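Accompanying notes for the structure given below.
Order as written gives the chain letters A, B, C, D, E and F; numbering starts at 1 within each chain.
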Amino acid sequence: MRNTILVFALITASLIAQPAAQAASATVPKRSAPSLEQRVSDLEAYVNNGTRVADGTNTVSSNLGSYDEKANVFTPNPGPGPNAWQMTCAALVLFMTLPGLALFYGGLVRRKNVLSVLAQCFLITGMVTILWYICGYSLVFHHGNGLLGDLKGFAFFNNVDSSPNGDYSPWVSQNVFAMYQLMFAIITPALIIGAIAERMKFAALFLFMFLWMLVVYFPQAHMIWGIDGMMNGVSNPNAKIHAIDFAGGTVVHMTSGWSALVLCLILGKRQGFGKENFTPHSMVLCMVGTGMLWVGWYGFNAGSAVAADVIAANAFTTTTLATAVASFVWPMAEWVTRGRPSVLGFCSGAVAGLVVITPACGFVTASGAVIIGVFAGLIPWFFCYKVKGWFGYDDALDTFGVHAVGGTIGALLTGVLARSSANANLASDSMKNFVTNSPFQPLVFEQLKAIGVTLALAIGGTVVIAFIVKAVIGLRPTEEAESVGLDLAEHGEEGYNG
Amino acid sequence: MRNTILVFALITASLIAQPAAQAASATVPKRSAPSLEQRVSDLEAYVNNGTRVADGTNTVSSNLGSYDEKANVFTPNPGPGPNAWQMTCAALVLFMTLPGLALFYGGLVRRKNVLSVLAQCFLITGMVTILWYICGYSLVFHHGNGLLGDLKGFAFFNNVDSSPNGDYSPWVSQNVFAMYQLMFAIITPALIIGAIAERMKFAALFLFMFLWMLVVYFPQAHMIWGIDGMMNGVSNPNAKIHAIDFAGGTVVHMTSGWSALVLCLILGKRQGFGKENFTPHSMVLCMVGTGMLWVGWYGFNAGSAVAADVIAANAFTTTTLATAVASFVWPMAEWVTRGRPSVLGFCSGAVAGLVVITPACGFVTASGAVIIGVFAGLIPWFFCYKVKGWFGYDDALDTFGVHAVGGTIGALLTGVLARSSANANLASDSMKNFVTNSPFQPLVFEQLKAIGVTLALAIGGTVVIAFIVKAVIGLRPTEEAESVGLDLAEHGEEGYNG
Amino acid sequence: MRNTILVFALITASLIAQPAAQAASATVPKRSAPSLEQRVSDLEAYVNNGTRVADGTNTVSSNLGSYDEKANVFTPNPGPGPNAWQMTCAALVLFMTLPGLALFYGGLVRRKNVLSVLAQCFLITGMVTILWYICGYSLVFHHGNGLLGDLKGFAFFNNVDSSPNGDYSPWVSQNVFAMYQLMFAIITPALIIGAIAERMKFAALFLFMFLWMLVVYFPQAHMIWGIDGMMNGVSNPNAKIHAIDFAGGTVVHMTSGWSALVLCLILGKRQGFGKENFTPHSMVLCMVGTGMLWVGWYGFNAGSAVAADVIAANAFTTTTLATAVASFVWPMAEWVTRGRPSVLGFCSGAVAGLVVITPACGFVTASGAVIIGVFAGLIPWFFCYKVKGWFGYDDALDTFGVHAVGGTIGALLTGVLARSSANANLASDSMKNFVTNSPFQPLVFEQLKAIGVTLALAIGGTVVIAFIVKAVIGLRPTEEAESVGLDLAEHGEEGYNG
Amino acid sequence: MKKIEAIIKPFKLEEVKDALSQIGIEGMTVSEVKGFGRQKGHTEIYRGSEYKVDFLPKIKIEIVLPDGRVEGAIAAIISSAKTGKIGDGKVFVSDVEEIIRIRTEEKGDAAI
Amino acid sequence: MKKIEAIIKPFKLEEVKDALSQIGIEGMTVSEVKGFGRQKGHTEIYRGSEYKVDFLPKIKIEIVLPDGRVEGAIAAIISSAKTGKIGDGKVFVSDVEEIIRIRTEEKGDAAI
Amino acid sequence: MKKIEAIIKPFKLEEVKDALSQIGIEGMTVSEVKGFGRQKGHTEIYRGSEYKVDFLPKIKIEIVLPDGRVEGAIAAIISSAKTGKIGDGKVFVSDVEEIIRIRTEEKGDAAI
């Protein structure tokens, strides 16, 4: 909560103050012109997505950047290929939320609540962007401690410009990387909407999501992806837990999915649950959203390589295979058990495939991805069709069944199926003891530990926040509002007219 | 009108005649093989998006292209990164119109007129492409005088091939650049549809748009973006007005927005205006269109760097920040004044943010973008909710309120917030006297002059064209057609059946 | 059918066995470090999309890849620009099917059958992916004989990793290429759905499509695009037929279109055909799908260069021009003959333009593309509006009229209009005798031969498969199911509720 | 009490409603229907298949009112809904035995 | 004059319309309704939640016609709408006091 | 036989249906209508243009039943549909002369 107060103070400040000047350059010796050999090496580093010959220190020289003679500062340039790719990916990940997820969820609710879902997605987009600019990016991606980044390092995008930040990518502009990661920060809370659709007050959702970003998302993202995060197995040799999570199995899907379950239990069921007909008002929109999610997810998964290199290529491939297989297996399971494969089954299978492959995509082989696809088609299906019925919680659009369950088995299967043949980084000094390329490699236990930490943070954080919001402004709209529909009641509009 | 006749003559010609042969190469000395140093420099130029070592002259050599020994002509190749980026961006900008804008506008009209909007967007796409091929690209991007390019230079895409045109980008194929700019020429007139929706004859719209491209768009685009345009502050040292417009605040949004106001006043109000319920027939489609516009706009704004370089990275970032902020501020303004934030508010805010940041995106910092976002959320909102009511014009879908007002304040704020720290080109000899990095820098007055010229051209041109079209074929459909709906009356179809 | 059995055996195997180890490297001499000259040449090859200096043999050295000293194996890396482009294109082509084609077709059927179309598209996506992984990619792109690739070469994506396969592209990862081509293999059978919509049993469609891939698609794709395919004029100097097909006029549109006609004749007409009103249930969705198809088609056409080079740039340009022209010509033909241009006309024209330019896009000039656009707007229009009426077959959504007719005239016009000025490969030793740059060049006859082979395979294959499926499980649903709608009957869902 | 059912052209709804309001009739129930009558639908050629659109969109207005107000209401409907072209629609009058207002349980004319 | 209201299965509409046309009945008004009756809706399991679909889609046809034509019309409806399966629907007949054709202001049988 | 037409608020449909089922009424036909009455629609400001939403969504329930069951049915409807707020709707009762079940051609009370 200290953070929250700080944040509000900073908001006001930001609109007045110009960002502080760049850190004054220390007195380093002037650089000498790069040799032909150095220049060629740097060009090769560009193609190979390798470490740069020169990245801002002045002792080594390169021409791939601009050198300010007066200030004696060399600012590395991004490369056109990686930057193009990363901007494309950032746009694709935004597309996943607006309109992808908005349609996927919006199609599944009843006609009278479709706009409320769209409004919630949109609200989160704006609110998270503002948070990200003020402090979020800094808290996640600046170095700090194992739990959280430094609050002021990149606050107000100070020092975040078009030059790459070598901690995350040698050849992609840092501001592009920041925008790319922003899109993740946007979609994650938006996923929660699925569990609590059709029955949460707009103002309550606003406050909940605001606090949730600070309490759950930023710490979790830093722990897994921050350069000094305590669970960043690949980049942080001093990580407490040597877990890996390529594109957000724990950070995105587990946090949102488990928080969604908790929040939906605290909220209670929708009016008429179990009696009235809650069929999707438009399976067509839902399917359109699914297609957009799939396409956008390439930005999510292959883009997480932060380069269009061999790892991105592999992630692209595994994402396709796992998703297609899961989109096939789920409706086949329905066909067998229920007599008919449904379009909702195809859609759910595809999304489940995407979720489960997310943490694994950059670490497993094509055949590993096919295996993951089979699990992704069966286990979440079982949760949505059977387990939910047994327990009777009202996970309206199956955020828990798909994202929490999917994210969790994804994190686990990543441990089982990660192979250094798929990603050379797994053979690095920091990881090679954990990845022995067998199903019971030590990595599995690291993944279990990361799962445990994530569960604790997501569940604990959500319980606390939900009760605060309940106390402050209440969680549910009036009974009449819920029955009339949130669209008219909360937004004064209807989804369709005439 | 002389142009118009010429154009028709050329259409016929184009289907028969093959484009004239390339200009015969003058007798230049044969080139010598490039040195290793030159070759490496050219590779570095590729990564840095710098000027090429060799770009078609034979005196300096390079291997990044093909050298035809017999003809003694060196044809530079494009680079893979920039070309990939620019093709992606061109596709994204097309996506903004088809189906983005078509849905955004189509969702906002009544059910009986949805197809008319789609047909209008589609008609403009085809018609403008044909014009662009015949003469438009040449009139805008060939050098000529300060007002208009040479008509025959690139007519029928003569001499427009896959080799870059160094005037606009060293590393992007000229034909890709031409396609990218075509997409701008398509969406601009399509924006006008918003103000005059539901009540203009299809044939009248056809003729109006045809003339409007020749009279308003091509000159305006040449003046601002043509290499020798009279308001091209960045590239033309001899510009009369040293204005800047990164991605089309004046060229796209001011021209379309102000023309839209004029045309809507000349057309008159829709039947039943102020009495009948004109609520959007599908806010859902409108929101889908908004998401697509936002995603596609990255191609529009970041693509306007014509490279995936530091400037594109900055434009991507500022576009995201301003849009997200505006999409947040507009509905908050509604929440305060009207008690409820609407989905239309979220969508309008996002589009307003995109519009206002458009001219500025490549010139302002991240913090500048946040400030722009706040203005973009408030001023167009005020025009749509208050000013429109006061004056009572029937700007059906708020093209004036969002695009004219937004484009104008965007052009102005670009003058106020452009900083050479955001774009090194602003420190060039041609611009440094105008950009002193303070809010009252001389650039502001250049921008005001450009706004004046744009207003004069858009308003004057539209008045003339509108009255010509009214005289020749009449502007409005019959009363019965308008009441039945343009879909059935003009296209013999309905948007939805069954 | 032997293949089919083999395939099933392999499925089981794949889930157990790990892919076989890479072929043991023969005893080649250790490589020497590359010279600066070689290193620079390789970098230039990257920018020019040229043949690599070193691509896996050890005799020539390069640093653009990784050299495993112990194994003495050099594995070339992909380049960031081409890889970014190809991944983007693969995503775009998937977008064409999900949700593009699904919406285009889904919007055109009646409300009660919309989900069946979506389910069919989704089913094909999953099923084809699994086939592709098991054997399809190998059968098409591994070398084998002129008709089919080796079954085991790349089975289970064995040896398909992130390193490029020089047969198809020097700088794009092979697994990305495989995913890109997968998207083609998905959309092709999905096109058939248009002709047989609203009246085919889901299980029958499943079996039909499965067999069709093995019998028609894989051989046809190998013959045209496989490195040793018997009709691969550009890459295979020993081709029996020196045909060219840039992005799939024969492989994609002719095979699907002609098979669609045959299947629709065998199936018979829909209940109520010619009496009841079969207007599209949502022209809006159809138009959205069209826009997505157009945008995605850039991935299809320009992506077929497998590089973001001069050829891709040309393909991007010709695709835009032909499509825009055709989207304009078709509704103008309607306006003249029927009094009103329809949105369906705009959409159909656009798709026809895309289809006809597909085989030609990488081989013709901008002006050639405009000519193609005119033909594409008129001939398929004539087939859909006149010929279909004369013969009375029930090609529900005009797959035959647009794809078969369009694909065929596209293949022919490619022969007439291919120019070596548009694509230098046409001046290669293998092609220069066929491309003499006149309308009656010998290439025309090669194209006719390829058309003949394609027709024979598509028609023959489909007749056999259709009768097998009819015998095994029957083709049509019960009369009641057809009348209730396939959505409820086969999937237990409705497209819209409430 | 009587019930008037009027089938009218959709775009006349606003006018009819205004005309009825003007004579003090403030309650009615409206629904979308499809009409089949002398007015023939158009023949459509859609992508080469010809078919006839038989059913045309119409609006049905139902008004229950005391016997004495029937004449006036009919006159108001006719004058506001008439275009003089075929397909203008019909007015049907029938008897209603009882009316109850759910909210107050009032009956008869008081419930209207 | 009488009014016939028939509730039928949606896919029978074309047949009923044709049958009525054949006996010279050329005016009717059709609307989409939901029916609740002996025919039970299916039970759906949607993502694990079970619920019953009670209301089934039906079509309501309204025909006003002179007393003498009622018998024939009913017979035509029954023979064309019958499938013999539960849920085929009902025909209701009631009295109509007056008919007016808006276009011509004709009244009574002449207005039909 | 009588016909009850009840106009109710949409969200009360389930309750009314249940109440009728409980007293053994198992057949009814439901349609979506728009109501105009004392309950005034809200005034909307949409992007600066003000307009009034006159017509409110309502549900019409039609039940045909033997004379003796009318009282009970009305009571069930009223008690389940009442919220006490304006706009709760009305119940109209009128006479029906004949009923036929299409499936069996049964007539009169037997057909209900």
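Heads up, the rule we're going with is that a residue touches a chain if its C-beta (ideal position, glycine included) is under 8 Å from a C-beta of that chain, and two chains touch if they have at least 3 such contacts.
These figures come from a predicted structure and were not determined experimentally.
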item: Distance in touch steps, counted as few as possible, from chain A out to chain D; value: 2
item: Higher-contact pair (C-beta pairs counted), C-E versus A-C; value: A-C
item: CA centroid of chain C to CA centroid of chain F, Å; value: 56
item: Where chain A and chain B are represented by their mean Cα positions, the distance between them in whole Å; value: 33
item: Where chain E and chain F are represented by their mean Cα positions, the distance between them in whole Å; value: 18
item: Multi-chain contact sites of chain B, meaning residues that touch two or more partners; value: 36, 40, 43, 46, 79-82, 84, 88, 92, 275-277, 279, 338, 344, 492
item: Chain D, residues touching no fewer than two other chains; value: 31, 44, 94-95
item: Complex interface listing, chain C residues touching chain B; value: 36-37, 40-41, 43-44, 46-49, 79-82, 84-85, 88, 92, 110-112, 171, 277, 279-284, 287-288, 290-292, 294-295, 298-299, 302, 307-314, 316-317, 320-321, 324-325, 327-329, 331, 338-344, 346-347, 349-350, 365-367, 370-371, 374, 424
item: Residue ranges of chain E in contact with chain C within the complex; value: 11, 14, 44
item: Residues of chain E defined as touching chain D within the complex; value: 3, 17, 26-31, 64, 94-103, 105, 111
item: Chain A residues touching chain F - in the complex, by the definition given at the top; value: 272, 275-276, 483-484, 492
item: Chain E partner contacts - residues on chain D that touch it in the complex; value: 2, 6-8, 31-38, 54-55, 58, 60, 74, 77-78, 81-95
